[in-house]
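Next come two complexes built around chain A: one with chain B, the other with chain C.
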Partner chain A sequence: MDSGRSEAGLETGCRLQDKLQVAGCRVSIPDEGRESTNQSANQPIMKKSVLLIACCGLIISAASAQVYITRTGVINFFSKTPMEDIKAENNQVYAAIDLSKKTIAFSMLMKSFLFRKELMQEHFNENYVESDRHPKSTFKGTFTGDVDPQKPGVYNVQAQGVLTLHGVEKSVNTPATIEITGDGLTGTARFNLLPQDFDIEIPGIVRDKIAKQIDVQVKIDCKPVK
Partner chain B sequence: MRKKIILFLAVVAVCLAVAWYWYNKPREGIAGKDTQLTISAALLYEGYSTDETAANEKFLNKVVEVKGKVDDIILNGNDAVLILGMQPEGGGISCFFSPASALESNHVKKGMEIVVKGKCTGFNMDVNLTDCIIIL
Partner chain C sequence: MKYYALFFFLCTGFGKIAMAQDSSLLNMLEDSMMVNKQGGHVTGTFKATHIINTHSVETPAKGVLLFMIMHRFGKINEGAYEFFGLDNATMRMGFDYGLTDELTVGIGRSTFQKTYDGYLKGKLLRQSEGPGGRIPLSVTALAGIAYTSLRYTDKPYLNARYRTNYTLQLLVARKLNRNLSIQLSPAYLHYNLVPTVADKNDVFVLGIGGRMKITKRSSINVEYNYLPDNQVNSFKVYNSFSAGFDIETGGHVFQVHVTNSQGMVEPLFLGRTTGSWGKGDIYFGFNISRAFNLAKKR
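The block that comes next holds the complex of A and B.
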């Protein structure tokens, strides 16, 4: 039952089901975590049987239980020029990290990037990223470097993968950190993007106001899928 | 002649002031905007999960009032995301509040039935609403 729920929900977003299906089968033990709020209606008897299945699943594939997700990741971008500083933030980023397979996936809506100025947000959506035609941006990739989910601490990793933005796919390679915390993990990364790499044309009149390189910052607080 | 020059300069100054105002106009929230649609969280989610394109035509960029149960509140500094009406499929309505204190001052807690007004920005596992305020 729970696997069905998880799959259906995830399938619609960022094609993470491959990674999350396995973990989803064992989405089972209701706790305080956000990912399990949808199971609060489970009957005790259900819990027991699911727990049993969960244990079997764990024995069969002990290593694949390391999927962490969030639906409230934060991605900021900054453009700094002497003329103007522009900042936008998206607090509704969907992200999943599988520590055993070392895969990472992000999915977000361009319209959920919020600017301080009305006109900037309008131009961003209508002229630059054309969010009606290309509503989502996604990242699918992997990371290298060892992360031990049993040992809390900050791990430096290298993330690489394909970023899709404005309908254009481009590979991105960036240093990142994964911090194992008591109840999950926090992932951070910072990298630069060039608008022209994604076929985003900046009109001459505002060229001085928009930086050649856009500084992107990522922060995701993920909880384990359990 | 001199009067004309002064008049001309005055007109230019007014135009610049107006342009400056429009350029720097802060992004307005939605408190002053009229609600275009009222719907339950379950129906809104169902609309998006069954046919995203059709749902976008109906809801995208619209100011909607959504009624549902508060399933989670995730704080992030000054901001908060409230998950409204989680569906059995695992998704719900993700409502972004800034500042987060808007939730506290309305005594919003998990499990409550509330009405959120926000701008629909699309579907990404959850239906996203931004610039949210609590109506009830």
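The block that comes next holds the complex of A and C.
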């Protein structure tokens, strides 16, 4: 929590994890954005200095927010069969982790998965994930386990949430790691997906070439939101 | 009060950003994605590099060697003795190689008139993805040369120059939706030698073709090449019309079709189609293509 560094003890009692609620408390604006006038705000003696302090508080607490984000996360998937190995990589994955709320989100374009063979990539988009209809895949979830953003190191956590792929939502629960580094964090996870869970049909003629379980590997290097 | 107003404005303004972040990290990501979105190209306008006889706007990717067999049996109206054409056949064997994702070089050899052919095929424009795409069409240009090596004992004077014909063709296509693609293919042909003075050396043809997907991996293809009058006069020519069916299986595309053209190179089917659908001069045939990846890493 960043309370200690921003506006000291004044805000105790407020929910502190969010930078803007710090300012919100100062003028007692209800934090869910209800725009009712209230007493302290109506007091005519609003000093310039108070405003200044509040603004400083805003800036300081914003700097120490615990949201980490990347636009260049990497997700690989592998399908291994005796007939053929298929491998694809997407290195334009958008990902965000909020350490204070313990929430995670991913979003990626299916067309950004690059295959070694152009034809495979075309078939992946045209015939399997139908990226014209379902251009994105997303994940929205939470993690359990303690991560101390001040203490560099590798933390093992359990991530769970809803994965949306090919327009189908499915819950996913997987072990993951969060590594706090000097200037950000690195998240990794590895899990298996079954194409049929996402209504991705595989025709008989290529059934031997596509694995029943697709091995998915995630690696995101995130920087704190400034 | 003035300060209060300013303050309130600040708080609510920032508060909204905060709430967006609060309510869902995902929304924030999606917004960021929208901002940074780059338009892509439409892919899979056609499954194969040929609609049937006519080239499609598609070319193999860089480093891909495409081996293609085009096969036409005899005419269906030859009757039962010739097993409705199946006793006879002409074929063309060809290789296309993707020099880049946009430029392809191709060579081929047809048994029909022992014709060799070679071409360069380049993508000039690629249709943008999405409804508000910047480029509405895909345009590919084709420049080809065909050399007929069949010997005629009664025409010993036929030298290399007389045996060579040229093709320039513009392939303009639009994928209208995930199933339907349409292509216009205006062509200019130059025949170094024509049968009589009544025939033009320079011939213009306007082709139209399309495909309609019926499942994810199969489609119905049609093409029609309109040869305007007064260009070929010394013998009866017909507009080339072909209809067929594409099936795609991994690295192969099978195309099965019927056509009134026996030749499979532009100067032969665009300007020299002598078969008539009305008389039953219909050739049953197929194209098979197989892609080989020669480049190790993309």
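The definition used in the following text is that the second predicted complex is superposed on the first by the 162 of 226 C-alpha atoms of A that agree within 3 Å, B and C clash if a C-alpha of one lies under 4 Å from a C-alpha of the other, contacts with A are read in each partner's own complex, and residues count from 1 in each chain.
One rule holds in what follows: contacts are C-beta pairs under 8 Å (C-beta built on N, C-alpha and C of every residue); 3 or more make two chains touch, one makes a residue touch a chain.
Because the structure is a prediction, the values reported are computed rather than measured.
Residue contacts after overlaying the shared chain place A:Val74 against chain B, while chain C stays out of touching range. In the superposition on chain A, A:Val206 contacts chain C only, with no contact to chain B. When the two structures are aligned on the shared chain, A:Glu169 is found in touch with neither chain B nor chain C. By the touch criterion stated above, A:Tyr94 is placed in contact with chain B and with chain C alike. One of chain B and chain C touches more residues of chain A, and that partner is C. Touch criterion not met for A:Asp197: it reaches neither chain B nor chain C. Of the two partner chains, neither chain B nor chain C is touched by A:Asp183. Applying the stated touch rule to the two superposed structures, the overlap between the chain B and chain C interfaces on chain A comprises residues 71, 94, 107, 109, 111, 114-119, 136.
Of all residues in chain A, only 5-6, 8-10, 12-14, 34, 37-38, 71-72, 74, 91-92, 94, 107-109, 111-112, 114-119, 121, 135-136, 221 touch chain B in the complex they form.
Contact residues of chain C toward chain A in the complex are 1, 3-4, 6-8, 10-12, 14-19, 21-22, 24-26, 28-30, 32-33, 36, 40, 43-44, 60-62, 64, 101, 178, 216-217, 248-251, 291, 293, 297-298.
Touching chain C in their complex are the following residues of chain A: 18-21, 23-24, 27, 29, 31, 33, 35, 41-42, 44, 46-48, 51, 54-55, 58, 67, 69, 71, 94-98, 103-107, 109, 111, 114-119, 122-123, 125-127, 132-133, 136, 138, 140, 203, 205-206, 209. The residues of chain B lying in touch with chain A in their complex are 22-28, 49, 52, 56, 60-61, 71-72, 74, 76, 79, 81, 83, 86-91, 94, 96, 98, 121-126, 128, 130-131.
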